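There are structures below to look over.
Two complexes come next, and they have one chain in common, chain A, joined by chain B in the first and chain C in the second.
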Partner chain A sequence: MADPGDMGQAVARVEDGPLVRGHGQFVADLRVPGCLEAAFVRSGVAHGLLRSVDLTASRRTPGVRGAWSASHLDDVPLVPAMLYPEGALDRPWPALATDRVRYAGEPVAIVVAENRYVAEDGRDRARISTEPLPAVLDSAQAGRDEVPLFPGLSNVAVDVTVGEPVDPRVWERAAAVVDTTYRYPALCHTSVEARAILSRPEPGGVLTVWCSHQAPHRLRNDLAAALGLPTDVVRVIVPDVGGAFGGKSETWPEYLAVTAAALRLARPVRWVEDRAEALSAGPRGRAQTQRVRLAADADGRFLAMELHTDAAVGGYPHMGAFLPEVTARMATGAYATPEVHVRARAVLTNTPPLCPYRGAGRPEAAYAVECTVDLLARRIGMDPAELRRRNFVRPDAFPYDTPTGFRYDSGDYPAALDLALKTLDYPRWRAEQAHRRAADGTPLGIGVCAYVERSGAGGEFGAVEAHADGTFTATSGCCATGQAHATTFAQVVASALGVDRHLVHLVEADTSVVPRGVGSFASRSMQNGGEALLEAAHRLLAEARRRLAAQADVPEAEIVVQSGGTLHARGRTRTLGELAAHHPLRAEAQVEPPQAFPFGAYAAVVEVDRELGIVRVLRLVAVDDYGTVVNPLVVHGQTYGSIAQGLGQALYEEAVHDADGRPRTVSLLEYLLPTLSEIPDITLEETCTPNPATRLGAKGAGEAGCIGVPPAVVNAVADALQIDPSTLTVPLTPETCWRAAR
Partner chain B sequence: MNISLTINGEERQLDVEPRRTLADALRDDCGLTGTHLGCEHGVCGACTVQVDGTAVRSCLMFAVQCDGSTVRTVEGLAAPDGTPHPLQTAFASEHALQCGFCTPGFLMLAAAALEENPALADDPDGLRELLTSNLCRCTGYEAIRLAVRLAAAMRNTGGT
Partner chain C sequence: MKPAPFEYLAARTCDEVIGALAAGEGETRVLAGGQSLLLEMNYRAVRPVQLVDINRVRDFGGLDVVTVPDSGPWLCVGPLVRHGRFEQQVEAGPLGRLLARAVHFIAHPPVRARGTMLGSLAYAHPTAEWPTLAVTLDARLDLVHEHGARTLSADDFITGSFATARRPDELLTRVCLPLLPTATGVAFVEHRRTAASFAQLAVAAALSAQDGVVADARIGLAGTAARPTRARAAEALLTGRAPTDEAINRAAAASVGVVDAPDDPHAGDSYRRHAAEVLVRRALMQARDDIAERT
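Let's look at the complex of A and B:
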């Protein structure tokens, strides 16, 4: 009989109705009576001593209801550190700059007015006096500590080593050693809805906050702590979110300033970040500089790998200091390299703050490993696919403990690569390449990337309740930002209960209704949140069994659960709804599955116009293994989107600053996102290795395209031009490729 | 300044500052918040609406420029009885939206184009050029392209 929960089926989303009718409720769409709008006065210099902030003219602007800099506040809230507080110790980050600014665009004052136009009028009338200091923009320069961002403290906020040091003799005795450097630029998340928050003080000292966010409970706790409020008076509601990609997990200084202003005025205050702010002063991702060394024996078997990576974490380490260590731990890649040693540093720079961006440390690791594998293949004259096959962690070696301290749960890396090459028709493209080379035609290259990533972290909450009317409520600690939780979590719960999925309604993203939760980032929602709901659904069934056993006076063992959410015992039949008629029938679960390691293989075919330097991606194959897939429509959609962002990273996107640290990519005419015209012919394939640690079997999905595409495309371009991939720097702009083709 | 426009079939009198954009007038003065602002400099297309039948970026037009015009927003896309426009149905069935923030702009862009040229969906380059007008960060666009083609086919067969 068909599963009424449609587990594993590509069913259309239940979320879409309001969104296609224009009835979505994003933060900017909320109609809150009396709501004021905020604008920020931001530093025009990247590094300097803040001498004075004059808001006199701002305050005189008709319609301005308040304007504050740090000097106008008795107590400036401090921005809390996310995940890695060690790096933020002794480096306070005031929500509004106090005596020093550490990146261009840092908030210096907030202006609150009747509408955004007037708020910006007031903003433009503010006068800031800053004494400029030298700006240190890259991690190598900043790491020398000649210009400290926090006087008396090193700019190196985090310095960790992972894995055992490599015996120097390994390098001496190896048949081949490659040694190279990479630069992964700073990127902007560029969700089409930028950041947004609306804080409304309520009678009785309660505070309601609507925020475009990924982790409402963390935001609630952070706001309460930073503003000196009891946690239980703060309610965070996440309405519709217009994309997040890691940039909405944090408690940003602007959120604290807006909320502080709302409390001072006892009025609702909203801030909707505009694109210029997002691109010039908003969150950044990636920004790593790497040195990689890889040694192999005469057969191409890897002997050792060494990585040193420095992340430019921006003016404050609070959001991004943990990222280099993620890269360090993922530096083993898909290979059984016996020795891997990594040094990873988080270095303060006079750039906007770094935070996780889709992939969060894993794309940087995959880039270092996969481009270097191609470099080695070129040096020793071996087919890059064959070199990978020789070095993969073997399918029978799981669970596999990596030299970098992770335990890979399961996988079949050769199968993923073979499927990718077969789908691509690798021999045909190699033949085409040979033909073009013989005929001096347009250079064509093939690049592959075999990736492993990490998904899920920490615990998650789920609850399922049966109602007498036959419907069910599923409550999750996760927080959708476009991932279709209302559809897919309902599939998981309904399938477990044997009921129609339309009877299951999801509640999440409201801290007054969901008792606890972690949120949606690190590809954790289905792996962890789905597992919590599945566990809760099974506990609900167990409780229903006990209840019917007591009512019918039969042993529990005789009770049979049948489809349709019904239980049978000795001729008595009860639905879950009937069993919930007199007493609440509800079950909770808190699960904490270990992190999982989804994997796959990407293959790209490109051609490079020698005269114009333009890269054309002719074909892209993505093979992903996400474990159990609950809804292929949703997962494939996220894979597509992630691939598009991966293409952006490979070919177009970079947040650029001038020599003084002022942003140069301040509009979408400078920071280039892929459009439909940049999307190549893509084929998605899957293998399925269920998560062995969970009942559901799901691993994380949605970030792989950002991880797999950049190395595949860079390797393909290097292959086309017959050069070392390390001589190319992403994004592969026409100028970069034109120079490389000389 | 006082202006008068017809928005989704309804006559509206507005008193707006000369600098007020059409997008803000629609959203804040008329409460039609389905039109979203993604960049406010005319690149992303999330704010696309139809003015006198033509798709425009409502962030790049002043409201006063639309005095006397007819404006259609995403809220006016479905039939008066609530029947969804074929594009609305097709976007859902093809999974052409994830976060849904850019969706109203794509819908209004495609609706205007299909009305002008119902055969556009059969012209791959023309359709690609059209949809290249707008940005989406979630879907990778392929599902949007398929949805517009499906909607065109639904229109041509008279279905919804």
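Let's look at the complex of A and C:
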């Protein structure tokens, strides 16, 4: 019988109707009477001592309602740290710079006005006096501590090692050792909607905050703590969100300054980050430099791997200092390498703050591992696919404890690679490559990447309630930023209850309605939030059974649950709605599933214009295993988007600054994104290894493209040019490839 | 990204525009398609006191072939002719073909629907398509001001990167491009990062053939200097010779002198010089094939 909940079906997103008709409500769309708009005065220098901030002319600008720098405030709110407080505690991050600026674009003052135009007029009239200091812009330079960002403290905010040190004799005795370095540039999140917040003080001391955010409960707690308010007076609502990718999980200094200004003025104040701010002063992702060593025996079996990675975390370690450790723990990759040792450091630099960006530490790990595997394959003259097969963690070895301290739950890595190669028709492309090489034709290359990633972290809340009218409310602690929770969570709940999915309505993203929640990041929504709702739905059914058993005076065991959300007992039939008629019928669940390890294999075919160095991606195959898939349409949509971002990383994207740390990529004419014209022919395939730790079986989806595409493309270009992948640096500009090809 | 305050005048006549420019003391800017000006205003890179919007001016949409005694037919383009107009050949000969090939490199369809050829010429982006073609073809540009008018060659008009000989009180009212002889092969090639990017390099080529030899060669190059330039040494090497591979290779090698490239975070000078030579060669090969396809 058909599942009325459409579990596993590619049903259209219920969110799309309003969005494509222009009825979406993003923070910038909210009509709040009397709302003022904020603009930020930002530091023009990357590192310096802040001598004075003169806002006299700003305040005199007609229409400006207030302007403040740190010196005008008695108590400058401090930016809270996300996840890694130890590196941040002794390095305070004031919401507005107090005595020193640590990156170009750092907020120095806020100007609040009747509209954004006037706010920018006021911003332009501010006068900042800064005594410049030398700027340290990369982790190697900053790590030498010649120019401390926090005097008396090292620029190295975090220094961790994972795994056991490799016995030096392993390197000496190995049949092959490769040793190389990589640089993964700083990237911008470039969500279509950048950051946005609207804070409205209400009568009675309540504060309502609308924010384009991924974790409303955390934002609520952070705002309350930073501004000295009781948690229960702050209400955070997340309206429609135009993409987040990790850049909206944090409590940014701008949010604190906007809210502080709103409280001071007792007026609603909104800040909508524009593209210029997002690209020049907004958060960054990646920014790692790595050194990798890999040893193998004569058969190509990996003996040991060593990685040293430094992340340039920007002027403050608060948001991104934990990322190098994620890379460190993921450095095992898909392989049964017996010894893996990693040192990972978070180094302060005079650049905008680093934070998670789609993949968050895993793309950096996959890049280091997968490009190095291809390098080794070249050295020992083995087909890179074959070298991977010889080293995969075997399907019967799960759960697999990695030398880096993670437990891989389940997987079949050879199956994913084999499906990718079959889908690509690997032998045909190898034949085409041989033919072209013989004929001195346009170089063609094939690259693969076998990835393992990590998803889900922490617990999640879910609740399901039946209503007398036959509808249901599902309440989740997650917070969609484009992932179609209203569609997919309804599928999960409706399928469990045996009711039509249109009867299930989702409530999330409002801290006044959802008692607790963690949010949507780390690919956790379906894995954790979906599991919580599934558990709550089953508890609701159990409660309904008990209720009907009591009403009908029959043992619970005799009650039969049928499709349509009906229960039968000795001739009596009750719907869930009927059972909820006189007494609320509601169940909650708090689940704590362990992190999961989705995996897959990507394969790319590229052509390189040898004369100009231009890379053309001809073909891309993505095989992903996300465990149970609730809605393939939604998952594929996320995969396509992630692949496009992966292509951006491989070929186009880099946040570039000048020698003094001032941004050079300040618009989308300089910070290049792939457009539809640059998207190749893509084929998506799946294997399915359900999450063994949950009832639902889902693992994280949506970040894999960013992880799998860059190594696959770089390996393909290296293969085309018959060079070491480590001689290439992303983004693969034509100049980079031209130089490499010479 | 909101512009600084400005006054706005929606002009109805050419005289009104010119009057506003004269009164504007250099602080008035003309708004045609607005595809570059408004972006710069939003970034507050420019802060004009006044914008004079010409979109309602009648008779600014002219696109005609005008025959001038002693210099033959010219395609004359008015201030409100949008880029997209050239996607279909506006003239049946090689000039129309060249314009149709070049226009596809201009940004993307929404920009082509609003932006204008004259706006692009007045803006003088160092690697923009229309300035490159105008220099290559020796276009003539008409400038009008309150007390008179003058006509400049494209070479005299475009003086540098985003710099022209237009005085602040002058309005660019027309550009005229010479029609090309029927036996002319044309090509336009570009090197850019994505389909939506500005060119890093652009090359326009027109080879007129007579009895198997090149009677007239025009090669325009953008991205190796502050403004588009003619590769005159390369043109001279081709003129009077058959366009063989060898001749084309020699011309390409001679086309790139000193590179004084626009500031670009993505490409250095040596790559630019090399890529320019490759592009000139490819453009000349295409132009040669274009002749062959039509004879």
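Observations, loosely collected:
Keep this in mind: the second predicted complex is superposed on the first by the 742 of 742 C-alpha atoms of A that agree within 3 Å, B and C clash if a C-alpha of one lies under 4 Å from a C-alpha of the other, contacts with A are read in each partner's own complex, and residues count from 1 in each chain.
Note that in this section a contact is a pair of C-beta atoms (placed from the backbone, for glycine too) under 8 Å apart; a residue touches a chain by one contact, two chains touch by 3 or more.
Source: prediction; values computed, not measured.
In the superposition on chain A, contact of A:Ser667 is made with both chain B and chain C. Look at A:Tyr117: by the touch rule set out above, it reaches both chain B and chain C. Touch criterion not met for A:Glu202: it reaches neither chain B nor chain C. In the superposed pair of complexes, A:Asp299 makes contact with neither chain B nor chain C.
With both structures placed on the common chain, the touch criterion links A:Thr733 to chain C but leaves chain B unconnected. In the overlay built on the shared chain, the residue A:Val634 is in contact with chain B alone; chain C does not reach it. In the superposed model, A:Asp75 makes contact with neither chain B nor chain C. The partner of chain A that touches more of its residues, comparing chain B with chain C, is B.
By the document's definition of touching, both partners, chain B and chain C, reach A:Thr675. Once the two complexes are laid over each other on the shared chain, residue contacts for A:Glu146 go to neither chain B nor chain C. When both complexes are aligned on chain A by C-alpha atoms, chain A residues 116-117, 274-276, 667, 669, 673, 675, 677 touch chain B in the first and chain C in the second.
Against chain B, the residues of chain A that register as touching in their complex are 12-13, 15-17, 19-24, 26, 28-29, 31, 115-117, 190-193, 240-243, 245, 272, 274-276, 481-484, 633-634, 636-638, 640-645, 667-669, 673, 675-677, 679, 682, 705.
Of all residues in chain B, those touching chain A in their complex are 17, 19-20, 24, 27-28, 31-41, 43-44, 46, 73-75, 77-78, 84, 87-88, 91-93, 95, 97-104, 107, 128-129, 131-132, 134-145. Remark: chain C residues 1-5, 39, 43-44, 108, 191, 193-198, 265-268, 271, 274-275, 278-279 touch chain A in the complex.
Of all the residues in chain A, the ones that touch chain C in their complex are 116-117, 120-121, 124, 274-276, 611-614, 652, 656, 664-667, 669-670, 672-675, 677-678, 733-735, 738-739.
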